[in-house]
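Right after this note come the structures.
There are two complexes below, and they share subunit A, which is joined by subunit B in the first and by subunit C in the second.
Coming up: the complex of A and B.
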């Protein structure tokens, strides 16, 4: 079994298997939507390969990070904007 | 702050084409560096899972790549070209510059997404998109999934998701039965493809495969609940958790275009050595034609060997490339998009999902440039990678959008340019 990684998503502690992408971690939490479009629609990941930017979240204070291209790391602080 | 790299052969893209090219170049003795945008090597088709479980062919190639002594840098996206044979990239480790003598572009493809009412709802994914997310650890056990769109990718995705515990309600292929059946029969002449198809068929078992069937609307309350389909027996509705929907693949041409490589009929033009119209710049894999992994490997071998000055060795891969290219033509004829897919949008359906631009606004525009200026279509984060491809199909526009930076870049990356040029 892979090791477990603990990260913080919207101030909540979350454990995921090592190697999990952040987009997958958010889906495991039941977060299908991670940000809002300019007109306020809820949006979540689509392409899974870093092209569409719909999965973007803030990671360690840095905005516009594509969660599908980010591997979860211990202590990572994540903010969604939905 | 800036991190400089120098090499004989620089390979951009770590999928099958890039890995084959980089391995061949390094084995030939050239100092070779492979750069990839993803966190791990393998590209889309050889993407490893969170549990690091990858298919045999991918494992063999990744081992061969490691043994070749080629260096690899992941998680770097190339944003622009800052001088003759100098590319600049951005990564979590800072700005990176790459000086090269020969360049191999193996930038791969993305999925074509087409708009229909409700396609922006969370839990509507690209087809390979959902597979990639599940490989990254997204939950799939007992999820009710519909896989839709077009192309052999749909069956590959459905069989993978089913093995991982998904309940596949239906695979909806827009191409008509006659063409799909003809394609199936054609596989008898390609034993490796037939084996893959048989393995997938066994995994799929009793999955409901519908040809001549496509999604017309998705509905939900902030998240997907159900999807309407047009099928041969009329309209029907399926309640589901996930819709995985992709209408074929389109090549990533941003970098070849940035460098000035000629593009003909939507693909990078190459000579017999996979060299583009720019001397010393080679291209391999999907950007030269959508042909899948066999084509990518053959072209990758040729490009890597030619870039390392081993043309006589490259020649031995000409035959496998020719066979793979025949398959490309069969693929594109079988899975060409039906015109009905152009009339799925309602007036209020969003075409550009970054800037929320509606179909009825775009319909009044005369072309891509006007659409960008008047509506901001294609001006958002994805830089038109999604809506430009859709607009080409919906309106027949030439949605070429390449200008540096070819990838959204941070201000400090672009500002570093000023520092470099003033020093």
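Coming up: the complex of A and C.
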């Protein structure tokens, strides 16, 4: 079994297996919509391979990070658009 | 030499059955402004464009409406043009993204701070309001700037606009302007232009407003392309609030060395950050030069340490039309029906409206609102026409 790591998603502690992408961690929480388009529509991971840019979230205060291209790290602070 | 009017056969192979008072070559913001200005006087105007509206330097400019003080003529032109922008503003469509965000000229050290005070006095003597920011006021105005900067000069009435939208607006919202897109001009004739297709468009007067391409239609013009790069980020609203330009910018803009970069960044209404600027002579390749982009971004990061953690989404280049004396060419060529409106280098968006007002006043025998003499092409044509 891979090690479990703990990160914070929208102020909530979440445990995921090491090596999990952030997009997968968000989906485990049932968060399919994580990003708002400029016109305010909710968006979520579509391609899962870094191309569509629909899965962007803020990671450690840095905006527009593609969650599908980000591996979860211990203590990572993640904020989605609500 | 110029083909005589006899070389056109009227009525034969014409795009338009009727002729025009004015044919403007180039649908950048300068050509567009000239078109709107001529049409306002009920003249019949053709705009002839090889590509699309505002697709050249207009799309590669930052759209910074800025008063500059490198020389008196430059101050006169930019100051007058900024007033014209303020008058035009209520008519502009929302997509023109006109924002009076103001400029802050950033002084890194005490030496540059002296330049801030000099600029402040210069503008004050000429009725342009500015405000000197000390170290703390600068940090309050722009918290993302690094600490330890000496201060800056805040110019509140400078603005930002999205130039290609304005060019389209000026052409399409003005009755009496006929637009020929995808129509490369092969040569300028005495009474009109001949297209690459072989068709001719007849006009009493022709305006060459083709930016850095102007010498290809008007040989002998001392207009040189000066390449620039721009980078735009994703949306980070509030990262910066004003157009931020290093005072050392003038060293870059005025240096005649082949390559230079300067810190010049702009907040867009979308929250995106537009990052400039670079200047290169002697390059005709449109491709992105990674070395230049790297040093441009490094320069920006020296002022805005956090900029390196933002995502850039696009990078592009363009060519400014530069002249030896850093002033544009506005007005007639000697003994021709040909007018020039080019050579604006990095100030073509700002000065487009004033250029049009001056050119059209002069071409229609009216008094020009400011003295046109410093911009007349005659100052550079002596040798060609001697």
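What to note about this one:
Here is the rule we use: the second predicted complex is superposed on the first by the 82 of 82 C-alpha atoms of A that agree within 3 Å, B and C clash if a C-alpha of one lies under 4 Å from a C-alpha of the other, contacts with A are read in each partner's own complex, and residues count from 1 in each chain.
In this text, a residue touches a chain if its C-beta (ideal position, glycine included) is under 8 Å from a C-beta of that chain, and two chains touch if they have at least 3 such contacts.
What you see is a predicted model, and the numbers here were worked out from it, not measured in a lab.
Using the contact criterion defined above for the overlaid structures, shared-chain residue A:49 touches subunit B, although it does not reach subunit C.
Among subunit B and subunit C, the chain that touches a larger number of residues in subunit A is B. Once chain A of one complex is fitted onto chain A of the other, the partner contacts of A:80 are absent, as it touches neither subunit B nor subunit C.
In the superposed model, A:38 lies in contact with both subunit B and subunit C.
Once chain A of one complex is fitted onto chain A of the other, the partner contacts of A:68 are limited to subunit B, with no touch recorded for subunit C.
Touched by subunit B in one complex and by subunit C in the other are residues 38, 64 of subunit A. Looking at the complex, you find that subunit C touches subunit A at residues 234-236, 270, 309-311. For subunit A in complex with subunit B, the touching residues are 2, 16-21, 23-25, 27-28, 32-33, 37-39, 41-54, 56, 64, 68-71. Interface residues of subunit A facing subunit C in the complex, by the touch rule stated above, are 38, 62-65. Against subunit A, in their complex, subunit B makes its touches with residues 37-39, 44, 49-52, 75, 110-111, 113, 120-126, 128-134, 136-139, 222-224, 350, 353-356, 380-382, 385-386, 408.
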